[in-house]
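Same chain, two partners: subunit A is paired with subunit B first, then with subunit C.
Showing the complex of A and B:
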């Protein structure tokens, strides 16, 4: 397994496009956070129950909506690049154990996304806080400043990193299932954004809306960004929401594994 | 110690309704170059893929050193294979392409540089494989096959895309690998490519074994007792030789093939009949002719069956 990890890591870092896409995960998270922070203003009303400041933590972490595209691209590419042209023949000749290859790719892809997402989230929180300060968010009286030492903020940050790692797992699964880069990346993007857009466009009763949000990987997974559990993109607790995404991701990877075992190399 | 023999036994594979490989059995021994020949679509690549554990056979077995490929530990150290020279990531440098393969089997990076030098790709080691010609990709694929210093080499159409200098190089390489006692199996759809390289050939057509013989034997059989005669007096020669009991067929504008009569007898009959001729020699078949004979027989055999499609040569 150690050799397989070393080999798949070598594959990842010897294609420049993959490295740039990984850099993009971090850059989009941090840059997006700073940009969104720059558009915010503190509320002008006097502090009180009727005057809630925006959830600035979720806002400075909203670069995730774009960064996830880069994360899924890295993971999809690590798998789909085996098939056009058919490098998989060389891979399986060097390591006939299909499970070993699948596991090595999963560890390498999630590890790489984990690393860059950590950097990106830390950058988003730090840069977001700095920009919010210049916009007049003082933090006093609940005035919506991002406070990285706050456990709820840490949870949102860690949850965002975990969200991106799980998106990478989902993308790996799609890559093994479809083996075609554009098709796999497109399908994962559609699965992530599709239900979210539907809930924005199609009028529906709250009961249906909440059911859709609870079942959809992106709204459920990003519920972790909300400082108030259940008040974000889905009426789910932070970890329950991530568990929904994890379910999708594990199911996709398991389907990909079964297909890899069944199909000829 | 493992005897590094390739043993294919009763191997069959069908895709949907098409039989790709049909009860194929043969053995490839160490120390010689064995050619694996057949028309396009004969089942060569499918057989090689089953040998490498990439396709599962419907029945039969394909073993290397007595074991299925998938049971080999660090397979690149035992078996080196080139199946598809196009299997390179265009954005990855040649050296990196070999490096990840080496790492899968714990081979040192030093070995990558050695094989790059061996195949003459050292100057292109830091170049992206996307810019490589087919000939360079072929060399890169051969470098990959040699990475683990394997006892068994399985190369699918390694000559494709090589220039004449490259073809000479690979012939020498294959001969020296066999001389070192390795098992070398080389497929080709062109028998002539193997004429000066292979000691032994396995010929398949439509997934079935047509011949499994030493090249020298195959050539002797294909040459038969035929005599090639060059004469400007074709009609007279045919009359005289037919009267003497020979079977004569037209080979070209002024050439005939005679069978059933030894060379001396043909010469005597022509002299006796005062038929002038410019050349007379026993026929020496090329490997190409031997191959065409074999595949023609296969075509006739099939003509009695349900399927009468000609082999694609």
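Showing the complex of A and C:
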């Protein structure tokens, strides 16, 4: 396993495009957070029950909507690059245990995304906080300002990192299933954004809307970012929402694993 | 035919054969049509509306005196305050001063010209552009009443005649002023528009008032009030009326409104754009168009057939032009089919859900705004395909091109819309997705841009990307 891990790690870090994409995960998270914070304005109404300040934590973490594309690209490429040209034959000759190859790729991809996402989320929270301060969010009268020591903020940040890791796992699974970079990346992107877009375009009764949100990987998974109960992307609680995404990711990876065992490389 | 044109034709035929013979093309085009129609139908199914007000509105300030028999009332509306687009000032014959009783009224409005109304349900339209100062005249002949309009008080034009008005032998004749509440909208947060209505007060000045063959007597001001309707939401009480008489000049103020749903502008405030909502599926259908446009180019790089292509047809610009023609043509045809079907299928569903006459006009496919929306949306999809083709040439790798286009067309608009009002509007105005505005047929508060401005922005981005693609392809090794 150590040799397999070492091999996959080398494959990841020696491809400049992959490294740049990993850097993009962190850069988009932090930069997006700062940019979104710069567009915010504190509410002009006097603080009170009818005037809630915006959920600034979820807002400065909303770079994740774009950063996840980079995370899924890294994971998909790590798998699909083996199939065009068909290097998988060599990989499996060097390491005949197919489960080991799959596990090594999973560990390397999730590890890399975990690291870069941690940096990105930390950057988004600090940069977002700094920008929000210049925009007049003083933090008085409720959660106007991002306070990284607040357990709820920590949960949202850690949840965002986990979300990106799970997206990478989902993308790995799609890569093993489809074995084609563009097809896998396109399918995962459509699976993530499609239901979210549909819920924004199509008016539907709350019952249907909540069912769709709870079942779809992106809205359910991103519910972890919301500090205001019931105001997130899905009515599910933070960890239950991540569990839905984890279900999708594990199912995709399991399907990929089964196919890898059955197919001729 | 000249040789370059002939070679372009040959290149187009070759590219068409390539595109046609690939299964993914048919799949992408079918997916485009299916997604657009499906989302259009779901949107129509999910959208409901109903008019919550009374069946007839009849509340206004009325300056009147009794008039027996065949009378003629004339006045010059010398000024009218623009208190609301549908503020009303004019002449009226009414069987009494109770709200809801039969009446015939001829009115001037700030934005909708001259209108003749009978019993609040019949409406005839006079000059559409007339504004104060303007002359109005009502003449009665038995149960028939004719409305007249004139710009100078000398040459008169008939607005129309209404029969069976239900007026008694002695009716109340005079001037009236009404001004309905107006709605305003503001952003309460990203993607959240909140509307509010507030009462308005209309004001009009009448001069040269003659009420020939009338019973004479003094002018009286009455606030005609809305008769109590069935239980449910009641319209707000109108602003009380006011009258100032200065010799022969009457200045009348008042609130309220008269008409019925669809008549006199009632129920038409801030309505939804029913045409645009049947075409909302393009925002999802473009996923498939992006895939088609990118693959038309990148699949040649991936399989290295690009070398064969350039060997057979060494003029690179011609190859790209042929690809652009074929891809744009195919997507436009599929898009046109999708938009037409979506509009035709969604309309009856919308009607069933309350989006129908009298408040919502029944649009047909051949109405110019609808035609522009349907054809324009298909053209927008064709532009998306061209932009994708160009990005495919520039990036040359399928996955990178798809992700780049996805970021520009889907992710950035999405993030902007969910995080900030200003950013959402800016992205909707200045990035390629602005082209989707071509489907709007009615200005709404939440629109980021106008239909043609948005389309022009998208066309400019596409032209720039295609230009870069032509330039790069000529300079690079295949």
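To be clear about the criterion, the second predicted complex is superposed on the first by the 262 of 265 C-alpha atoms of A that agree within 3 Å, B and C clash if a C-alpha of one lies under 4 Å from a C-alpha of the other, contacts with A are read in each partner's own complex, and residues count from 1 in each chain.
The rule we apply is simple: a residue touches a chain if its C-beta (ideal position, glycine included) is under 8 Å from a C-beta of that chain, and two chains touch if they have at least 3 such contacts.
For clarity, every value in this text was computed on a predicted model and none was experimentally measured.
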item	value
Contacts of A:201 with subunit B and subunit C, given as first, second, both or neither	second
Which of subunit B and subunit C A:54 touches, first, second, both or neither	second
Subunit B versus subunit C as contact partner of A:94, first or second or both or neither	first
Which superposed partner A:264 touches (first subunit B, second subunit C, both, neither)	first
First, second, both or neither for A:62, with subunit B first and subunit C second	second
First (subunit B), second (subunit C), both or neither touched by A:86	first
Of subunit B and subunit C, the chain that contacts the larger number of subunit A residues	C
In the complex with subunit C, residue positions of subunit A that touch it	32, 36, 39-40, 54, 59, 62-63, 65-66, 69, 73, 76-77, 80, 84, 181-182, 185-186, 189-190, 193-194, 196-198, 200-205
Subunit C residues touching subunit A - in the complex, by the definition given at the top	39, 42-43, 46-47, 189, 191, 280-281, 283-284, 287, 291, 294-295, 298, 302, 398-400, 402-403, 406-407, 410-412, 414-415, 417-420, 422-423
Touch list for subunit B against partner subunit A, complex	49, 52-56, 69-70, 72, 75-76, 79, 81, 83-84, 86-89, 91-93, 96-97, 99-101, 103-106, 144
Interfacial residue positions of subunit A with respect to subunit B in the complex	3-4, 6-8, 10-11, 14-17, 81, 85-87, 89-97, 264-265
